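To start, the structure itself, in structure tokens.
Chain nomenclature is as follows: A, B, C and D, assigned in order of appearance, with residue numbering initiated at 1 for each chain independently.
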Amino acid sequence: MKLDPVVAPEIAVSRWFNSSVPLSLAALRGRPVLLHAFQMLCPGCVAHGTPQAEKAHRLFRDSDLQVIGLHTVFEHHAAMTPVALEAFIHEYRLTMPIGVDDPDSGMRIPVTMGRYQMRGTPTSILIGRDGAVLHHGFGQEDDMALGARLAAAISGYP
Amino acid sequence: MKLDPVVAPEIAVSRWFNSSVPLSLAALRGRPVLLHAFQMLCPGCVAHGTPQAEKAHRLFRDSDLQVIGLHTVFEHHAAMTPVALEAFIHEYRLTMPIGVDDPDSGMRIPVTMGRYQMRGTPTSILIGRDGAVLHHGFGQEDDMALGARLAAAISGYP
Amino acid sequence: MKLDPVVAPEIAVSRWFNSSVPLSLAALRGRPVLLHAFQMLCPGCVAHGTPQAEKAHRLFRDSDLQVIGLHTVFEHHAAMTPVALEAFIHEYRLTMPIGVDDPDSGMRIPVTMGRYQMRGTPTSILIGRDGAVLHHGFGQEDDMALGARLAAAISGYP
Amino acid sequence: MKLDPVVAPEIAVSRWFNSSVPLSLAALRGRPVLLHAFQMLCPGCVAHGTPQAEKAHRLFRDSDLQVIGLHTVFEHHAAMTPVALEAFIHEYRLTMPIGVDDPDSGMRIPVTMGRYQMRGTPTSILIGRDGAVLHHGFGQEDDMALGARLAAAISGYP
């Protein structure tokens, strides 16, 4: 008997940019998904992680990989508002769908960040076609390794 | 007869970070001053110009050069507020004095930016010991050229 | 009826470094092979292409991908001798197998370079498990794209 | 009474590139001189030190600073011959005068390298207008610091 895979927790997003419709992991089941959690004032995200996720979004445009940026604000809440994020997205010319991780009222950590027990930003989470987490990494990722991981997830039909 | 040099316009700052006292060009007369005008959501500033000004601040610490960062917000005003700038300074570990260019109420361009007719960010303005502008550059500057320019300004006693 | 794939031409190597035995595409049939053609005095190879091939060699160490460096000297023959290449390999700490492309006596272009009609260095050629050329690229390659291509070749069992 | 400065040892060069006449510190007295000692197979030189010296050569072209590259071969002698250096200079488009440090027959260390007791490559030596060594550094140098040091040497009339 094969056990069902442990399905990745759903994302909770209070506002979307670069997407006319809300995205959900449930609706994306059957496709691989790369979640890039970042903060617009996190130097490692700005210099490396976020451009890397945007590059993946563009490079795999013809595949059915879905890249999702997730703005997981857990510090400087007054500075990293949706209006500030919108300006950031404009200035950095980001085209991937980006969701604002739902602030958990009164809590420091937003909802999705809590569900995944992320350690900080940037965090990269790769979800396979069957909805299970294939990889969960914190900090800088190597481009070549990420490219290989994404290609393997894309080729991995359930 | 020697003409008086054309003195650089005074800076207008509504709030200071990394300085317990307000700075003014008038009070700094006799010392060379590097003004680095930037915006916290300007990619070229974040990646290059602002770290370069911070490096100059640290490299010439034992000279009497004064490096001043100037947050000249001319776009995305709702995003680049002083509270956002404070978070930016914290995250990027900036230690040079940074002033918020005085917003000209109802105008898009802040006061100092207007006085110097800056074309955008980053802008680098070097002021000599006699108070005159030695150099006014827009865009990315080369580290070696800037180092040479600063050393020349420092050695240039009036 | 399925046609046999066009098999990649065999490599011709006059001397090996970092390999105690000669390698051949015939013997490697069934495994994916990345050929990195370079010259030790080609700036684009030294700065980017050769470190990238070495990185692939290390990153995919646990797969059956075979990375092969090929020193395809087509200019400055008196400078890029095997003894010079040996020093280069030592100084740049290269660990992938590297073959000297067989000089075609009296000809400017060495044998393997001619067989593949390479346009210059760096050239990256990816050969699939069935021995056919999957990709032939000249110039700088993106790390993420290469990682994806290698992973696809590795997952592609015949 | 002011002591005469300790004059920098003369350079010993067996062959010049990019200069139709031999250069000597004696003939350059009165001008500042930047000596960049390198080896064409030293990764830190190729990636950073040598392009930096070339940049200084171009940036200060209108001053009387003299930049001199010095090929101080102390390892892999069979690989880093003058003919190999010539190809290196061509491929990396170096335009500064470059001298081959005179091999001390039977010795590992060439003559100039020995006179200056250099510790390896890259080494950067700055000589003032009075012929005295102003700075002797081993390893990577910061562009901004070097620019400042060169400007100070240029402005320092004896």
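In this section, contacts are C-beta pairs under 8 Å (C-beta built on N, C-alpha and C of every residue); 3 or more make two chains touch, one makes a residue touch a chain.
Every value quoted in this text rests on a predicted model; they were computed, and no experiment measured them.
**Q** Tell me, please, which chain's centre (mean of its C-alpha atoms) is farthest from the centre of chain D?
**A** So the chain farthest away from chain D turns out to be A.
**Q** With chain centres defined as C-alpha means, what is the inter-centre distance between chain A and chain C in Å?
**A** Roughly 36 Å, centre to centre.
**Q** So the centre of each chain is just the mean of its C-alpha atoms; given that, what is the distance between chain A and chain D in Å?
**A** 50
**Q** Return the residues of chain A touching two or more other chains; collapse runs of consecutive numbers into ranges.
**A** none
**Q** Per the touch rule above, enumerate the chain pairs that touch, sorted by label.
**A** A-B, A-C, B-D, C-D
**Q** Under the definition above, what is the set of chain A residues touching chain B in their complex?
**A** Interface residues on the chain A side: 41-43, 46-47, 75-76, 78-81, 83-84, 86-88, 90-92.
**Q** What does chain A use to touch chain C in their complex?
**A** 52, 55-56, 59-60, 142-152, 155
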